[in-house]
Amino acid sequence: MTQTPDQVFVILKHWLLGYVPTSVHAIASAVLSILPLMVVFPLLFAITTLLERKGLGRIQNRLGPNRTGPMGLWQPLADGIKSLTKEDIVPFTADHIVHFLAPVLLVVAAFLAYAVLPVGRNMALVNLNAGVLFFFAVGSVVELAVFMAGWSSRSKYSMLGAMRAIAQMISYEVPLVLASVVVIMQAGSLSTVDIVERQATYTGIFPHWYVFTPWGFLGFILFMIAATAESNRSPFDLPEGESEIIAGYYIEYSGFKFALFFLGEYLGMFATSGIAITLFLGGWSAPLSVLTFIPSWAWFFLKLLTLICMFIWVRGTLPRLRMDQLMNFAWEFILPMALFNMVIAGLWRFMNPGAVRWFVCAFLILVPMFVLSALLKRKKKLQLRTYSFAE
Amino acid sequence: MTWIVRYVCLIPALPMLAAGISALLPQRSRKPAAGLAIVSMAASFALALCAFAAALSNPSPQVFNFSWLQFGDQTLALGWLLDPLTAVMLVMVTFVGLLIFIYSTGYMEHDENFTRFFCFLALFAGGMLGVIIANSLLLLFMCWEIVGLTSYLLIGFWYQNPRAAAAAKKAFITTRIGDLGFLIGMVWLYAQAHTLLFYDSGRGALESGAVSHLAVTTTIYGLTLSSAIGLLIFCGAMGKSGQVPLHVWLPDAMEGPTPVSALIHAATMVAAGVFLIARIYPLMSAHGVEVVTPTIALQVVTWVGAITALFGATVAVAQWDIKRILAYSTVSQLGYMMIGLGVGGPAVGMFHLITHAFFKALLFLGAGSVIHGCSGEQDIRRMGGLRKYMPLTFLTYGIGMLALSGFPLVVSGFWSKDAILYSAHHWSVSQLPFYMASLGALLTAFYMTRQVCYVFFGTLRLPGHGPVSHSEPDSEDTRHHGAGHPHESPAVMTAPLAILAFFAFALGFLGTPLWPWFQSFLNGDHSVAAEHEPGLVATMAASSVIALLGIFLGWLLYGRQSIATCEAPDVLERAQPQTFRVLHQAYFIDAIYDATFVRLTRWTAKLADLLDRFLFHGIVQAISFGVLGLAWVDSFVDNYVVNFGFDSSWRSISMGGRAMAALQGGRVQAYLRYIGLALVALVLYLLWGVAR
Amino acid sequence: MTTAWAPITEPNATETPSLGQPAPRPAVPVTSDSALAEQYLEISMGPQHPSTHGVFRMNVVLDGERVIQLKPVFGYLHRNHEKIAETESYLGNMPYTDRLDYICSITNNWAYALAVEKLGGIEVPERAEYIRVITGELTRLQNHACLLGFLLQDMGASGTPLMYAFREREKVLDLFESLTGARMMCNYLRFGGCRVDLPAGWLDRAKAFLAEFPRFLDEFERLLVDNEILMERTQNVGVLSRELAVSSAISGPMARASGLNYDIRKADAYSIYSRFSFRVPLGHHGDVYDRYMIRFLEMHESVKILEQAMRDIPAGPIQNPAVKARLFRPKPGEAYGRIESPKGELGFYLISDGSGIPYRYRVRPPSLINLTVLEDLCLGRNVADVIAILGSVDIVMGEVDR
Amino acid sequence: MSISFLIIAVLIVGSTAAAMGLRNPIHCVLTLSITFGGIAALFLQLGAEFVGLTQIMVYVGAVAILAVFAIMMTQSRRGLMLGTFSRNALVGLLTAVAVFSVLGWAVLSQPVAGVTAAVSPVSVQQIGSSLMHEYVLPLELIGLLLTAALIGAIVIAMERKEDTE
Amino acid sequence: MSRDRGSRLLGEGIIKGLAETARNFFGSYISKQRLTTVQYPEERIPQDESFRNFPFLVYDGSDPEAGLRCVSCQICEKECPPKCIFIEKSKDKKPDAVGKPQFYPTVFDIDVSVCMSCQICVEVCPFEAIKMDVKYDYPTESRFAALLFDKHQLAKSNDYYHQIHPTEASAVDAALAAEREAAATKAAAAAAKAAAAKPAATAGAPGTATASAATSTVTPPSDTTAGEPR
Amino acid sequence: MTGLQAYLLLSSLLFAIGLAGALTRRNAILVLIGIELMLNAANINFIAFWHYGPATTYITGVMFAIFSISVAAAEAAVGLAIIVAAYRHSHTIDLDSMNSLKG
């Protein structure tokens, strides 16, 4: 039975719960569900930092960390120990309480987002009726944490960074939500579990992932762009902008608090990637029906790792945008496209299934895309230039 | 219900859509904006023709209602209807509007805000058409307000010109005064009839059930409800249709571009008031059980109309501005329409409205053409002899003038005016309106002849007559590139003139007493039979004579010997300078308003301010200081003379003084505090009230 | 908190400065403790800042993120170079010139050697001239590659282009090391020639490198040249008008990006540059993108020069035997030697009083002079633009501060 | 009344009191966001998921941030010198106490029959369909209002160059 | 540069860049050429012959004290640009490698924290006594004392010199040998002359002149491919 | 005390604190925040009444809360914008000194 490896964690949990008196059943159940998340994702963070450094190194023709342990595998551990043992410097004029609370709040908010993430079949912590909304609501708390960090440090650079970060997050929250609306329109539910289950069916061997529809594909791209911005990753890493404002809002943090910020950022990235997987990439469902024997949670994490690699890849390639360009990009390209995508998704719903629908929708998406990019390019007067030569 | 009824809403929707789109267009995309407006108007016109055909086949009101808003157990419904009144108006407005749109492309060619202009124009037309099709007083009111807003925008289109801006403001505020009455009437109507729909298969406000209920209920002064409400609504109509005493905005509105004047004064905005009265005519004319005389409401309408008609005509005699003459003539003619409504019912009034719409649009567009040709000159004293330079304009303008003057038998104006005079003659209440109207007709013919003589005959008196020196730099003239010579306008402007001129002739024959098709169509019976009523021929003859007399007098005074210079005073001015001045200043009504209402308002505001600032505050302060001072003296005495017992009373008085001073703090939080305290009081009251 | 709020006039800095004259510099009274609410924020970028190329410092007054005033502050690396040189023998100054623009020491040597050779009327053997051209152009290659990497790094490209550039630079440095014994502080040229001849096999290695180099250029081009983000960040940013470039004595790629056809290799045709066919790329916009692309194209041209030089290099002596390095005493007089260094016109002005040490020694550092227009380029731009503009100016603090 | 309610209530009241009593306005806003979060928790507890999450999104994610921005933009050093409470604070406080006592008395005195129905959390679908049917007009009005507010806020807050003096 | 400049989709350049980085990523696993990194303590860049870092003093034979070529002429001290060499000349003379009595440095210090490895000292030394070392890692715990190299730390054998700079060293040896030969013949001639005339004053002055001539010839053999036609 | 009463009491307390803040603070932004708190108190009432109401399927309370939140958002945006504009004008947001209405 292929179900057993798939549900191994669920079975394990129930088995463990059997040893717990019924009076504390609820609490034990919660702990048993939360604890793995609290362990797995920081672990993933550790792996990702290593992966990122390794990957970036390889992209840049370097080796990356390879000193600590075999192939540098203990590097995250070493980093952790280092950050723990470093002196925790708090600026003299800083607002100590807020300065302390900011990284904590950031990490807590990031963790909260995992509550609605179905990491496997029957493996969502809670099946909220408004799960997607919950995700975005929690995401908005991050802004507050960032502000707290930037403000409490009493540093001009950190203030600049915080202002940038908040402006960017607020601006990109709109396209993020709008890009995911198409999925909600199609699935007719805000529950993440429902959304995944709608996608986990197959025609032949192919799944019904939303990314395989024209609007879904566009939505996915837009969502990922907005998610990159939302999690302050390159090329939208202006709030950190190490070459401009040095490190942005956490410039005055050191030691473990700094590590917490890092953790929070990466957790946020995992969470947005996770929600992107849930919304567009079929969550824990296998990409082909013949592959369902591989456990669902494995698929989820595989997809997550793939997306993380994408993030790393993009980071290794692109220069950073400027603040006004970032904003313009959100308002002039992503937002109109997301709105238009909603229209297409509506159209999709009312057209008969078939190849015609697919092509019509794809065409309808491509046209504004071309028009918009041509318009934008013309407006910005960006060009490859010719140069004259003096002999 | 024929299919067209369902789609009648498209007729206003199309221009509005065009307006919406062109509002989003960039300022430089002139052609698309104009094209959109014209195409939408043409489409509306086509639809209006369909609607007209539908109304021909079924003259009873056809409605399409839907519920719009639900609060509690009440439903507010909106809807539109199609009846002969609507159909006629639709055709007229779309057609005249279309012509004016086309004309505007030529007239406004060089204006930098061309796109914006067409956006406004289309919105205006949409609003007007909305007024026409509305089957709900509420919807009508909404569109009415759109019309008001766009008229404000259009009159003040050249807002850089302070006079235009002031005129726009004036128009807006004046009509708002009337609309206040309208609004009250509307609310009252809703309170009484529980619906604002006109026709709703028996439950509508204009249908027998509600009307008879309203007609038998009386309010103060023995006024029936229907009359009272009707009169309140009539206030709105007065504002919009420029009836005395709310006419003041109309002549000033000439500061707008000429196509706007044509649109406002000929076809749409001013007609809206008349149309409104025609629409609610069942309400206005609703009788109680016993009475046979016209209702109070209709009497008021008639009297107001008569006064306006005479007033406008007299003032028009003494104007110099070519557009101002036409404006006052519009005021006068609107008075006629009101008389017509009051004495003869909607058919009579509406007939004049329709014919007037055509020939007044013709006249305005002709005037525009003249102004255009003279590079923005508007003073008729500086024109003259233009018939040589712009023959087509002269021809069409002449036709318009004849129509307005009521030249016997051939032109439409004669027939519609004649119908009014006839009805007025037979009015049971008084003969006076008839005589006033007749005098007005005489004057109309007179001043129109005067104007034509000034403009087209004689010698050219354009100043400089070479390179035009602009005497009024901030008037329209700077916006037109005119050559030195007066010149004929382009075809895009003269073609509408010609079309309108044709209709100025032709329309009259729809409503002659011999074949009163129009009246019967509006009244809803198909028997197109001439009613040979007594005195018809006599009135016809009288009105012919009046018109001819007027024309003759005008020619006698102005046409016989040509006016040589522009400085030469008017013939009438020479004879009666005082009277002429009074007339020229329109009986000083503006001045009077300025001296009375405006100043009064200012004074009141100032007084209130002063009162608040010095009197109340002062009183409070004085009391407080007084009390404090007293208290201080008291305490002084107290401390040393009297015993300690007064202490408490002093303190409380002092506190009272402070509290009263604090009342006038001018601080947000203080007011918030009072609100809080009021809340406490309210809750306490409610609790105790409930408990009892 | 000593100063109360002072009314500040809004500077009219939104439009680019009018041609030919520097932008109006507003007098902005800024207190050092200005908070965000006080409209203007003064931040100090540098001397410890990741993108100021060493210990440069800019006191930037910001309105939001817009720069309304920028005061360059330098001198953190001041070493009294010119004064030291007046106590040092002519030969002893040579290693010091390495430290001016430490990225390209050989061209510094060259300029100094040129000045001394002019002073002493020294002939240079032909082979030495060829070696000078080869090493000089190699220096240009690695400097430009490096600069483009730095520029992109400053614009946040997380080091990838920089690493690619450094990969190539390493190869050049390897060549330098095997020739001169040092990777950066080469101290290679001498008056009247070079210090040592090319070691065996060096030229083959250099040729192999040169054959590979265009591949790097192509890779770089694919990576970033038509990248939209790069274009957005650089095009029409920091526009330096031709007139301002002339009136501010801007030289080098920066001037050529503004359309100024001024290349000393052509204008002076010093050394043996007249023998090589190469072109001088010229920009039209004078913005950061043009500066970037001009350097990119110059690398292509340098490759051409190198190919020709390596093909034509003759055998022969590398040092004018008449010149004594140690006890060199030129006749009294003055000389100005200038070359087209990768950064611009690098000149040395020497006055000799007949003794063994220069009487006056003066450097015309292109970095410093190109930096003088920084505020004009940055006013009204964003913080991020300041970084990009500074990167495109191509400064090395060793040369700026001396 | 459950334990969780008590905890949340204490949290809300405490943070609200802090928000209204602390001296540093930024601290006020930060504690205020705790209040907002608590209220959202209350909503979740009552089965109004959607409202609770909207509450967090709007109040914490938008209003608090906005307030913080406004404070940053209006906080000059001179501003920090200001007293925290207005001159008439005592009267205000008394008013508030009066209001509370009256309201509390009203709540306690009226026997409100709390029908504890079987709690069925309102589903998002339900909300959506009633938004689109019964409440379509308010929805549109809210949309209009928000648009107007957006434009209005931009217009008001936009810096006019001519009156910077 | 001619490229097509038609209107393209937004992000095309970005995708091109992504492809490039991907190629580098995988390329770094395939071709070792791309990876320029050297794992330093374990592996080192093969040191080039011409590499230089900090000077040392060459001695002939096996005794650093006796075989030191330096005659304490103090030219390098004077010419050193950063003035990092400090020499104290001996009062007496000691025989050098060939047995000729010479002055020798009683103190020869180089402050390598100041030294900039410019090798001017090497160039000006008439006696081939100071040469450039290749050792570059001098980790110490004190900033000043440990980086002030004295004569004993600086003195390294000619064998070592041969080891690190074989080409150069053999050329130097050859030159020295030639010089000595010349000196010997000259001395013989001079001795023969001196037999007739009064003895020569000093042997140092002509030696200096020949040595300076020798320095200019100390060059590795020129590149063989240089003049070849292609 | 029933559950509903507890909620109502909490909401009235919240209302009172908000009112107190609005009445006593000098900072205009905090006054606005106090008003927001009062709105929130009202929201609690809506939800509590809905929850303890006759049928949870009758969701007027929820809808009202949603609309109230939206209105509050608009109000906050405009209010804060006004405060910022006022600050630009008079360089203070101190309500005690903002009494130019008094004339």
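Each chain gets a letter, A, B, C, D, E and F, in the order it is written, and its residues are counted from 1.
The definition used in the following text is that a contact is a pair of C-beta atoms (placed from the backbone, for glycine too) under 8 Å apart; a residue touches a chain by one contact, two chains touch by 3 or more.
Since the model is a prediction, treat every value here as computed from it, not as a measurement.
Counting only chains that touch, the fewest steps needed to get from chain D to chain F is 1.
Nearest to the overall CA centre, using the mean of each chain's CA atoms, is chain A. Relative to chain B, the chain whose mean Cα position lies farthest away is E. Most remote chain with respect to chain D, judged by CA-atom centres, is E.
By C-beta contact pairs, the most connected chain pair is D-F. With each centre defined as the average position of its C-alpha atoms, the distance from chain C to chain D rounds to 59 Å.
Between chain A and chain F the centroid-to-centroid distance comes to 34 Å (mean Cα coordinates, whole Å).
Note on chain placement: the centre of chain A and the centre of chain C lie 42 Å apart, centres being C-alpha means. We define each chain's centre as the mean of its Cα atoms; on that basis chain B and chain D are separated by 48 Å. Chain F has residues 19, 22-24, 91, 95-96 in contact with two or more other chains.
Across the assembly, chain C contributes residues 5, 36, 160, 164, 167, 223-231, 297 that each touch 2 or more other chains. Listed for chain A are residues 59-62, 163, 316-318, 383-384, 387, each touching two or more other chains. Interface of chain D with chain A (complex): residues 24, 26-27, 30, 33, 37, 40, 49-50, 53-54, 56-57, 60-62, 64-65, 68-69, 72, 121, 123-125. The touching residues of chain C, counted against chain A in their complex, run 36, 41-43, 49-51, 62, 65, 152-160, 163-164, 167, 223-233, 235-236, 261, 263, 266, 279-285, 289-290, 293-294, 297, 382-385, 387. Put simply, chain D touches chain F in their complex at residues 1, 5, 9, 12-13, 16-17, 19-21, 25, 28-29, 32, 35-36, 39, 42-43, 46-48, 50-51, 54-55, 58-59, 62-63, 66-67, 69-71, 73-74, 76, 78-79, 82-89, 91-93, 95-97, 99-100, 103-104, 106-108, 112, 114-122, 126-127, 130-131, 134-135, 138, 142, 145-146, 148-150, 152-154, 156-157, 159, 163-164. In the complex of the two chains, the chain F residues touching chain D come out as 1-10, 12-27, 29-30, 32-34, 36-37, 40, 43-44, 47-48, 50-57, 59, 62-63, 65-67, 69-78, 80-85, 87-89, 91-96. Those residues of chain C whose C-beta lies close enough to touch chain E in the complex are 88-89, 91-96, 98-99, 127, 160, 164, 166-167, 170, 174, 177-182, 185, 187, 195-204, 219, 222-231, 297, 311, 313-315, 318-319, 321, 325-326.
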